[in-house]
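This is the structure I want to talk about, given as structure tokens.
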Amino acid sequence: MFSVTVRDHIMVAHSFRGDVFGPAQKLHGATFVVDATFKRPQLDDDNIVVDIGLASQELHAICGGLSYQNLDDDPDFTGINTSTEFLAKVIADRLADKAATGGLGAGAGGLTGIAVTLHESHIAWASYERDL
Amino acid sequence: MFSVTVRDHIMVAHSFRGDVFGPAQKLHGATFVVDATFKRPQLDDDNIVVDIGLASQELHAICGGLSYQNLDDDPDFTGINTSTEFLAKVIADRLADKAATGGLGAGAGGLTGIAVTLHESHIAWASYERDL
Amino acid sequence: MFSVTVRDHIMVAHSFRGDVFGPAQKLHGATFVVDATFKRPQLDDDNIVVDIGLASQELHAICGGLSYQNLDDDPDFTGINTSTEFLAKVIADRLADKAATGGLGAGAGGLTGIAVTLHESHIAWASYERDL
Amino acid sequence: MFSVTVRDHIMVAHSFRGDVFGPAQKLHGATFVVDATFKRPQLDDDNIVVDIGLASQELHAICGGLSYQNLDDDPDFTGINTSTEFLAKVIADRLADKAATGGLGAGAGGLTGIAVTLHESHIAWASYERDL
Amino acid sequence: MFSVTVRDHIMVAHSFRGDVFGPAQKLHGATFVVDATFKRPQLDDDNIVVDIGLASQELHAICGGLSYQNLDDDPDFTGINTSTEFLAKVIADRLADKAATGGLGAGAGGLTGIAVTLHESHIAWASYERDL
Amino acid sequence: MFSVTVRDHIMVAHSFRGDVFGPAQKLHGATFVVDATFKRPQLDDDNIVVDIGLASQELHAICGGLSYQNLDDDPDFTGINTSTEFLAKVIADRLADKAATGGLGAGAGGLTGIAVTLHESHIAWASYERDL
């Protein structure tokens, strides 16, 4: 299995609901360093997993749609705890949509999986991995 | 599959028995930066993998039980080479016990796997991964 | 010159005022990984720069006073752009106060400087350095 | 499953053929920080995955055979795009050959998989994973 | 003293002349992860060291002018060993020119120093630091 | 001012004397990731700070003389607390001796300073800096 990963980041405010979140129930914020991994069992005709330029560009666009806002105000997340692991799934699913609709190039048809890791600090991170 | 990882560390002395270990047969030491990963296919009702506060606290307690000692003198490891890979298993198994006995909270019942990575330097690390 | 550095972090929401900040004028957030460095020309009688336990504890307390909140609502920062570089100074000054009032231990009297670096992402960080 | 990883690096020139590569079609270069991971379900009699000294030595030899050259001139890669993901496979396959021919020691017979990750920058890396 | 640092990177081919360079006398290549630090004793009216958007943009432009080429063919470097430390100076001087000609914004007039670090691998980096 | 840094590491056991060290008074151990920085105001005739091959080699030899032992048994450190900051000075002074006696090559005569940083974990490190 081959994979290629590109890194970007978002800077957001949000708050959580539920005792389990302790002080994070208050409005606070986070930088999430975002690693998006694209997987496939065989390389394409150019000997690559994915057009890394397109992959970076689409990840950047998705990050741009999330960054510099209060996620509590994002209609996509009304009533939802935007935990690190949940946001990893949001980004992975949006990348999967891009792959399915040609945004990652013609060669991306061979992709079989996507994984996204969000680093919330030097001591905590979360991931979501799915098939394509 | 979702995962959440938290990081801690231990600082220990130890020695190894066996020619394969070369100079590391002498009493020496290591800092192991410890990454503990918790996995599950679906998020819980709070939209998380695990209570990260509890997970960090239990990992810290396990690290505290290992750190600042000579592992050669730990009765749990008598006659055992406390290699990085072996110690990764020790910590993963102790975390699995915590999960099984409720130490990671009620929601942790949905966890299906644990992986632990120990970084022994900037150029070497080892992991152990198991089901729950 | 000797130095010792300890690392902690804060997770905050905030917004900026001024065209120069572009999209960061909106309420957003950041994880700041905080590195606090203590300096002195000679080691103390224990052969150290500072009691690293106390230094970590006081840095953690200062970070705790800043983290998990919207800095726009903190009375200490009313009308102030809480830029990364400014927050580095806030933390450095609070550590300097601790050193001056004995919070870092008796040996801390020999400290001559403090530097604080705040990492806001994998591609940007800011520092403030001052004498004691 | 257990694993051990060792890190080394190569510094090479190369160029790519194909529009997808954009400016990278010109002769340029890269440092690839190389992480080689060895896997097995059970530890050997010494309580380890692999002789880390041998593993580091063989990885260094393989890196030495690739580094400080223009890969476009390497007869092994004539007419081939030496993408990061492709080079990960090259190194993984060469390590697999070493394992098969005894270069990683007698205990390496128990290895069941190898993964190689090449970091080409702080924002991009690629991997190849295979069975043994 | 305050500072702000932004990170970018270049990927280049080059070769060196001189026995001291050993195998690096052959055409090879490197990724240089570039950290550009801007310094000043007091913050500007916006409470910042420099417009981080402009600083990132100008660093990216300078990196773009160097990347994806064979530095041996760059007329600026004819007959010059483009060592990591030398390239750090090239980038620092180009940033200093930008600051002097307004490319970093009006507030950049208060900058007093620039430092540039180029990371050539996980085990080697070089810096150049200058006044403005 | 120019600088070049190379990285290596040591793995040692040791213990401390003094209440300030808390649990670290017991025999324990550490990996110290060692960064050695060489400084000079002007580059040499080869356009470099120091022969990086020799610098790496000498740092490795110095690390080899410290690693894989219990520092409590090293006659050089009898009755001395081998704190991270103290060990940074030990390595810096040994590198300075090498520079003075030609071990870093003829060009090293132009070096004006050495700094050594020892990383003891992901959350703590110490440095010593001196003139040559």
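Some notes on this structure:
In order of appearance the chains are A, B, C, D, E and F, and numbering begins at 1 in each one.
One rule holds in what follows: a residue touches a chain if its C-beta (ideal position, glycine included) is under 8 Å from a C-beta of that chain, and two chains touch if they have at least 3 such contacts.
Computed from a prediction, not measured in an experiment: that's the story for all the values here.
Matching C-F against the pairs in D-E, A-C or A-B identifies A-B as its interface repeat (over half of contact pairs the same by residue number). Simply put, of B-F and A-D, more C-beta pairs touch at B-F. In terms of their C-alpha centroids, the spacing between chain C and chain D amounts to 40 Å. Separating the CA-averaged centres of chain E and chain F is a span of 27 Å.
For chain E, residues that reach two or more other chains under the stated contact definition are 7, 122-123.
Taken in their complex, chain D has these residues touching chain E: 7, 9, 11-14, 23-24, 26-33, 67-70, 120-123.
Across the interface of their complex, chain A is touched by residues 1-8, 43, 46-49, 51-53, 56, 105, 107 of chain B.
Within the complex formed with chain B, the chain A residues making contact are 16, 18, 20-22, 80-86, 88-89, 122-130.
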